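In the two assemblies presented below, subunit A is common to both, partnered first by subunit B and then by subunit C.
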Partner chain A sequence: MFRQILFTQWRWGAPLMVLLGILAIAIPVGALSTLPVTPSGILDRVAFWGWLYPMLAVLTGLLIGTSTWAADHRGNHVYALTLPVPRWYYALLRYGAGVVLTVAVGVVAWIGALFATSGLDLPTGLQTFAGAVAVRFLLTSVLVYSVVFAMASGTNRTAGWILASLGGLILAEFLVDAFGSEVNILETLAILAGSAGGPFALFSGTWMLVAI
Partner chain B sequence: MTYAIETNDLVWSAGRRANAFRLDEVNLRVPQGAMYGFLGPNGAGKTTTIRALVGLLRPKSGRIRVLDHEIPRDIAQALSRVGYVPERPHLYPSLTVAEAIRFHAAFHVRWDQRWADDLTTQFGLDRHRRITALSKGEIGKLMMLLAMAQRPEVLILDEPTDGLDPVVRRDVMMALIEYVAEHDATVFISSHLVHELERICNWVGVMDRGRLVAELPMDAFKSGIKRLRVRQAPPTPGDTPFVVLAREASDGLSASEVWVVRGWQAPMSQWFEGVGASLHEVVDLDLEEGYVELLRTFRRPAA
Partner chain C sequence: MRTIAFLVALVVVIEPAAAQGPDVNALRQRTERLRALTRAAERVESEARRREAQVPKDTILAGPLRVIVERSRAHQVREGAEQAGETIQSLLGDDAYLLEGRYLQLAFGIGTSSGAGQIPVVGLPGNPSADDVRRTIMGWVGPLLASRASAELRAWTGIPIEVDSVRIFRAAHVDLVTALPGAASRCLAGALTDCGIALGLEAPTSPPHAYWDEHARREAVRRLAPSWTQGSLEQVSVACLDGDDPSCIAYLDARFAANAGLVRQLAPLGTASRQTVLLVAMRLGGSGALGRLVSDPSANPRRAIEAAAGQPIEQVLATWHGTVTAANPERRTTPGARLATLFWSLIFGAMALGGTRWRVG
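For the complex of A and B:
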């Protein structure tokens, strides 16, 4: 069952997966090709390219998450709902298949990082972090995938509630601003979510393939 | 009698508005092993009823049982014994025929791969062709193949031959009849093609405006509805031993009328003599004519 679900997911997501895989290799290769000589020059180059990693991780989670239910959405879920398995189990199979594909991109990112960092002649004091960046990439993409999957699994009403909540926050921000308050609701929430212990803390860490 | 499908006072509504479409206390009884034709005009509630039977819609009230499973509570168990062909194609378009078969087979423990292979050949389906590249007829055949190769005890088919050409329709119906003959399965089939159902079904249910207006064996349905040519008919028939569905003046003969009646039996002709009328002709109606007359009566405003 799982194999078939995974296969269908691969079938309609294959072009995306290939694209994500190419990007996952291109980032480390681009970052570490013809490196500057000085340590600070190297760090600047790696930092410049490093921001692409979280972007790609988000893109990976987003694309795989949205494509997971795409074919079911198109058929109004009639096929999935008339298969003889409990609905929670079917959703779990779909989720699991998406995780496998997300992890596959993470593995490609790791291989790319290993490939790009292998045989690098770095100045003393600098070292490579291919594994650490790959793990961070993998966790981030799975996190984004899970959030998108959960949203896509919901009904239109759920999506409406989420959008209404976001709209409510923006409206609150606007009203607070209009009354001259210094409180910045959205920024505060973003800081809380991205700081240590927050649900999106993974994004705010180091994404350096080469560091001290 | 045991029933493969049974609903009790099934009520479902498309919304809260007073004019929203609703199923109104539908009481279906589909006997085990029956070929049950589910008739009704567009918008009568056939598809809605079927969607409730396979757990796609949650009833507002009432009870649904399919093979003794409570729906929607035991829907997964019920669906393992039910083959369902929806009104519109529901398969994943990016798959090929062979992949769609493999996918479906993985979910059905009683899947008969050999028969699926036979049907693929019999239906002339190209295993390597994508579903998006299949014609309407080929998709219809593939959906029937998937529903039958899972060896279901009940087949619920929502207009499975709608829009198919006569050759494809015949292929599909032949495969269905073959399956039923071999497995003694129950078939619940909705269709606009009344003549098609007349040939294969032994039970008939008629829906109109969200209500089940008739449910009876096909023979009883067909033999009980007659068109009578009556002369000197009384202006008000009073108590009749049959149900008068329609009464119209016959063309050209002012003293002659055409009556459409239900529950007719031959000895009832004597009733006409008793009221000073004479019965000149009794015509059997086929299922379509009977069905149309039934709907006309049902829709006629109460006097």
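For the complex of A and C:
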């Protein structure tokens, strides 16, 4: 059953997957073609291109996460309801299939990084980090995919609650600000989410294929 | 159309005002207002100092240094002050007398001030750790002692002695790797003589050749040219940037000839690297190293470092090279961060499995 779900999911998303794969190869190749002469020039170039990795991770998670549930939502889940399995099991199969496709993009990113860094003649002291960047890309893609998958799997009421909570936070921020308090709720939450141990910690900092 | 009309109206309104120039009376009024504000600020400051003076104080010894602090919060400072005292004692040894009779006041949550004839006041965070206190005290002691060093040594290190050694050694590692290729890259590969040249401890006969490789010379000129192109040198720098290496050498030679101090200043390895050489020398020298570093007011950097370390410069540079190349920069993507991301992915994934209803409509 998992193979069938994975296969159909691949068929629905094949063009997107190919596009994501091309981008995952283009980033390292673009970053490391005709490198500057000085080590600092190389690091600047790699840091500049490195910003494309987290953007691609978000795009990957977003596209695969939404496409996973798209057909079920369109068909009002008739297909899922005809299957003799509980909802959680069906959702798990769907989630697993999406993770496999996300990992596939991560593997392509890793191959692209390996290809781009192989045979590079770097100044002493600089090293390549193809594996580390690929793992980081893979984990952040899976994270975004999981968030999008969870949001897309909920009912309209759940989506409403999430939106209402966000609206409530913005309102609270406005009120706190209006009363002259220095507390910044949204900023604090963003810092917590991006700091060590937070869900988005891996997104912060530069993504360096070549570093010291 | 409406936008254009608005812009025209704006120009008509603004233009006459701009043409009038600054109004002398308005400027006078602003000066008066500023004077009044300054007087008010001085009143507030003197009131704050009067109140501060009335708060009961304690004196804590940090080695030879006397630290004054609010009595009610002395317990927050004692441990850090003792640590600073140990550091001062170990760095200065017999020369600790340099700080004897000196007072330093630590105040919570305010800025630093050092008016003439007053005890200098240095700010501490609201709830300081022992390390905060130690660093604050050393941050004041370092520049004070550095000011006793020879002018040449002060010019070579650039800024006062840094005591946060982990961070500074990492910065030196980055400096060593990212410096323009030439002496610095040969130093990185282990050539200690080149380390001395790259650090500006040795004066080479031809700095453009000794400091940089051909490509790096062009890059050095690219960085320097905007700040210094006079007469015919402008053409030389343009020729250099077009790829003519002799022009690069001519430009750099002219620049060094015009200002001999630049030979040391433009040596490829900068402040972080130079400060770590001082730290290594002090570690090697043990007790009294800092005192020896600053004791000779005419010593050049090399002699001062050898005096501090009690060893020849080659030995200091060998230890420095080993320490700096081992100080790898911090990595953000630690295994812990990766596990945390995986954990959060599973949490979000599990949230999707928990529901019992299907989204319909």
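Keep this in mind: the second predicted complex is superposed on the first by the 210 of 212 C-alpha atoms of A that agree within 3 Å, B and C clash if a C-alpha of one lies under 4 Å from a C-alpha of the other, contacts with A are read in each partner's own complex, and residues count from 1 in each chain.
The working rule: a contact is a pair of C-beta atoms (placed from the backbone, for glycine too) under 8 Å apart; a residue touches a chain by one contact, two chains touch by 3 or more.
None of these values were measured; they are calculated from a predicted model.
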(message) Touch test for A:40: subunit B only (first), subunit C only (second), both, or neither?
(response) second
(request) Look at A:123 in the shared chain and tell me whether it touches subunit B only, subunit C only, both, or neither; answer first, second, both or neither. (result) second
(message) With both complexes superposed on chain A, which partner does A:171 reach: first (subunit B), second (subunit C), both or neither?
(response) neither
(request) Please indicate which partner A:189 is in contact with in the superposed arrangement: first for subunit B, second for subunit C, both, or neither. (result) neither
(message) By the touch definition at the top of the document, which applies to A:7: first (subunit B), second (subunit C), both, or neither?
(response) first
(message) By the touch definition at the top of the document, which applies to A:81: first (subunit B), second (subunit C), both, or neither?
(response) both
(request) Compare subunit B and subunit C by how many residues of subunit A each one touches, and report the one with more. (result) C
(request) Across the two complexes, find the residues of subunit A that touch subunit B and also touch subunit C. (result) 76, 81
(message) For the complex, give me every residue of subunit A touching subunit B.
(response) 1, 3-4, 7-8, 11-12, 71, 74-76, 78-79, 81-86
(request) Provide the residue numbers of subunit B that touch subunit A in the complex, in ascending order. (result) 54-56, 76-80, 84, 86, 88-95, 99, 102-103, 106-108
(request) Name, in rising order, each residue of subunit C that touches subunit A in their complex. (result) 173-174, 176-181, 185, 188-189, 215-216, 219, 328-329, 331-333, 336-338, 340-342, 344-349, 351-361
(message) If we count contacts the way the header does, which residues on subunit A are in touch with subunit C in the complex?
(response) 37-41, 43, 69, 72-73, 76-77, 80-81, 87-88, 91-92, 95, 99, 123-126, 132, 135-136, 139-140, 142-143, 145-147, 149-150, 153-156, 158, 196-199, 201-202, 204-205, 211-212
